[in-house]
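Chain naming follows the written order as A, B and C, and within any one chain the residues start at number 1.
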Amino acid sequence: MKLTMTSTVAFMLSTGVAMAGGHCAAGKTLNDDVLTVATGNPAYYPWVMDDAPEAKAGFEAAVAYAVANRMGFEDGQVVWVRSSFDQAIQPGAKNFDFNLQQFSITEEREEIVDFSLPYYSAAMAVVTRQPVVERGAEASLASLKGLLWGAHASTTAVPMLAAIVQPDADPLLYGDNADVVEAMKANQIDAALMDLPTALFTAGVLLDDGVVLGQFPPDRSDNPDQFGLLMEEGNPLKECVDAALAELTEDGTLAAIEAEWLAEATGVPVIE
Amino acid sequence: MTQADIDGPDATAPGLTRRQVYEARIRRRSMIVAATSTAAVMLALFLLIPLAPGWEGVKKSFFNADVFSKTFPGLIEAFLLDVAIFAWSAPLIFLLGLLIALCRDARSPALYPLRLFGILYTDIFRGVPVILVIYLIGFGIPGLGLPRPWNSPYIWGTVALVLTYAAYVAEVLRSGIESIHDSQRAAAASLGLGHGDTMRFVILPQAIRRVVPANMNLFIALQKDVALLSFIGPVEIFRQAGVYKSLLANFTPYVGAALIFLAVTVPATRYADYLMTKQARARS
Amino acid sequence: MAKLDLQGVTKRFGDNVVCRAIDLTIGDGEMVCLIGASGSGKSTLLRCMNLLEPIDDGVILLDGSDIAEPGLDPQPVRQRIGIVFQSFNLFPHMTAVENVMLAPRRVHNRSREALLPEVTELFMRFGLADRMAHYPDQLSGGQQQRVAIVRALAMKPEIMLFDEITSALDPELVGEVLDVLRALREAGMTMVLATHEMGFARELADKVCFLDDGVILEEGPPEQLFTAPKKERTRSFLSRVL
């Protein structure tokens, strides 16, 4: 028994070393034998728990470590840095190997940076407050048009509001989700559009009387919102990352991670 | 002894003294040097900058003609909101500034509380960054539960801007009022004019005119600070440029926004300079 | 009863006593000239008379009532006593006629239309008819001073005070201003002048007072003071200026 254990450990260790040395990612990272991953500052629930990605807790933290492991990096070889959205899409060299903070893959962004295969299809959800529902808001486009909207200015919620919801009044835009929530609390806006997991967190925790009114499923339009890992343009690591993600998707690991961290994303009505 | 004898052999035109000829020659020479060196520097920049390693990337990200033409109309439209905010804030700022300046000028002992209020007001609102005031008032006061439309970010953002800028304008006006020599007050008092009439007809007309250049500088700064209202919701040009930046992953919209601002502030600055020079000349 | 009666008037600026217990009576229609070196207290005394400066001690009786009582509103008094300053102090942002009309309009509540004939007449009387719409910086020193006099006169004061009003003028402009004073004198205005124009004082004053170091050292009719001064200091002052 002990022998089997030791030999199993020995085997794993040796495989690990061999994998890191001879695997796809060798020589393609910023620093040899280290994978530098970036995320937001702070990183929010449920993407990262308690703003501590090293704990591997949270959907994106889990995905990052899964991809790292598949590429042959031990958990201890993963180093985290923080960046803002702007820092990620600046032209020039990056201080990370890949960055994940709910970046939606878009054509225009692809011209400046590289994205991996998608790791999550994001449904967009409507967050509002109980008083607004009592005033008659419901999960239909007709009703949503008449609401006063707010959104995080840098996200794909903005073009989505313009294309699909087409509200009667111009939306108010904010620098981050915290300000969107403030505005909703101050009754300056009726509703906000954000990805479903963040919407659930906002309605459940950040607002006292928050309600997730409905969701727009990811395949609602010809340009579904999908999150991808963001890399420097032309990064040779992309093929290794994509290979890892393909594996994770095929063998169901990605779905399992999603089920573990984003389990609540069911039961929200779909908006007609 | 003729004029030509005095002027010397260099005099080329009739009536030109040799000093004028000399100065013309120096001027011509310095113009040529200036023009040549400027052209050389520009040429160097033009040739050398594109050779820098990151240039293609920077050009694509900051000076992208395609993105510029796509976003420019939207930016202009958003700028109209900045103009509107400026248009309704500026008069309110001037009025409140004038009130505060008069409070600080209160000279009778009975009005000391007013004077104290004026001092506190200017200290507080000149001492806190505008953006802080905008957040505190723009979110804070509506957060107390005001009904719509009274909780609008436009209203409270404007209130924040007005309160802050009025403090600066008040100080400028106060310095203007104090710069009016006491003899003007003495003359007005001797004629039997009361304090209110003296202020209104004698002191303020002179004081306000005197500080127009300084006030113009403040209002040029205001033209830019209206963009801070974007932090509490309104989609003016800065926010709109940010939206485009996120959509297109490109910083050119910010360059476009900067150009639009310059188109408005540069003429204003030149005009303010002109007023200052005119005043300095009149004073001397 | 004297028109203006100063008794024991004292004025201090900090520790510096500028006027020491001055007694001075000015009769109705009289012209009193104050002479003396600079710093002797002439200007300060004048400015105390129309309450521009509050006095520290003493009384000032205008037609018998004390106008210097602490707490008394000085404004009504200032309408009755006009003053003209050495540096004219015209309001630079107003034309000459606006300068003149401001106080009567605001204090006496009279309309522009009602005032205009009177004011025009005053301008004409002092040779300024064609200068009414001019700004002070478009007028010569002498013209500005004459406008300043007209401005004070427009309030119909009972007494006119003149604080060295020709000292800031070029010599060739002094004459036109003195002519105005002469005309006022002939019209019977009660006038108090602080002045260096000895010839003028000699010609027109009813009484001349020599001030020295805050007191009236000597006073008397001009023929007496100028030709036979009693005090040594008066003599030495006059010998320097005459």
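Definition applied: contacts are C-beta pairs under 8 Å (C-beta built on N, C-alpha and C of every residue); 3 or more make two chains touch, one makes a residue touch a chain.
Just so we're clear, the structure is a prediction, and the values are computed from it rather than from any experiment.
S.K.: Taking touching chains as linked, do they make an open path (line), a single closed cycle (ring), a hub with spokes (star), an all-linked set (complete), or other?
M.R.: line
S.K.: By number of C-beta pairs in contact, which two chains lead?
M.R.: The largest set of C-beta contacts joins the chains A-B.
S.K.: If you average the CA atoms of chain A and of chain B, how many Å lie between those two points?
M.R.: 43
S.K.: Taking the mean of the C-alpha atoms as each chain's centre, how many Å separate chain A from chain C?
M.R.: From the centre of chain A to the centre of chain C is 87 Å.
S.K.: From the mean C-alpha coordinate of chain B to that of chain C, what's the distance rounded to whole Å?
M.R.: Here the centre of chain C sits 47 Å away from the centre of chain B.
S.K.: Can you tell me which residues of chain C touch two or more of the remaining chains?
M.R.: If we look for residues of chain C contacting two or more partner chains, we find none.
S.K.: Give the list of chain B residues in touch with chain A in this complex.
M.R.: Spelled out, the residues of chain B in touch with chain A are 54, 57-58, 60-61, 139, 142-143, 145-148, 151-153, 230-235, 239, 242-243, 245-251.
S.K.: Looking at the complex, which residues from chain B come into contact with chain C?
M.R.: 183-184, 186-194, 197, 201-202, 205-206, 209
S.K.: Quick check: in the complex, which residue numbers of chain A touch chain B?
M.R.: 85-86, 89-92, 106, 108-109, 111-113, 150, 153-156, 158-159, 170-175, 179, 182-183, 185-189
S.K.: Any idea which chain C residues touch chain B in the complex?
M.R.: 47, 50, 52, 74-76, 78-79, 82-83, 85, 87, 89-93, 102-103, 106-107, 151-152, 155
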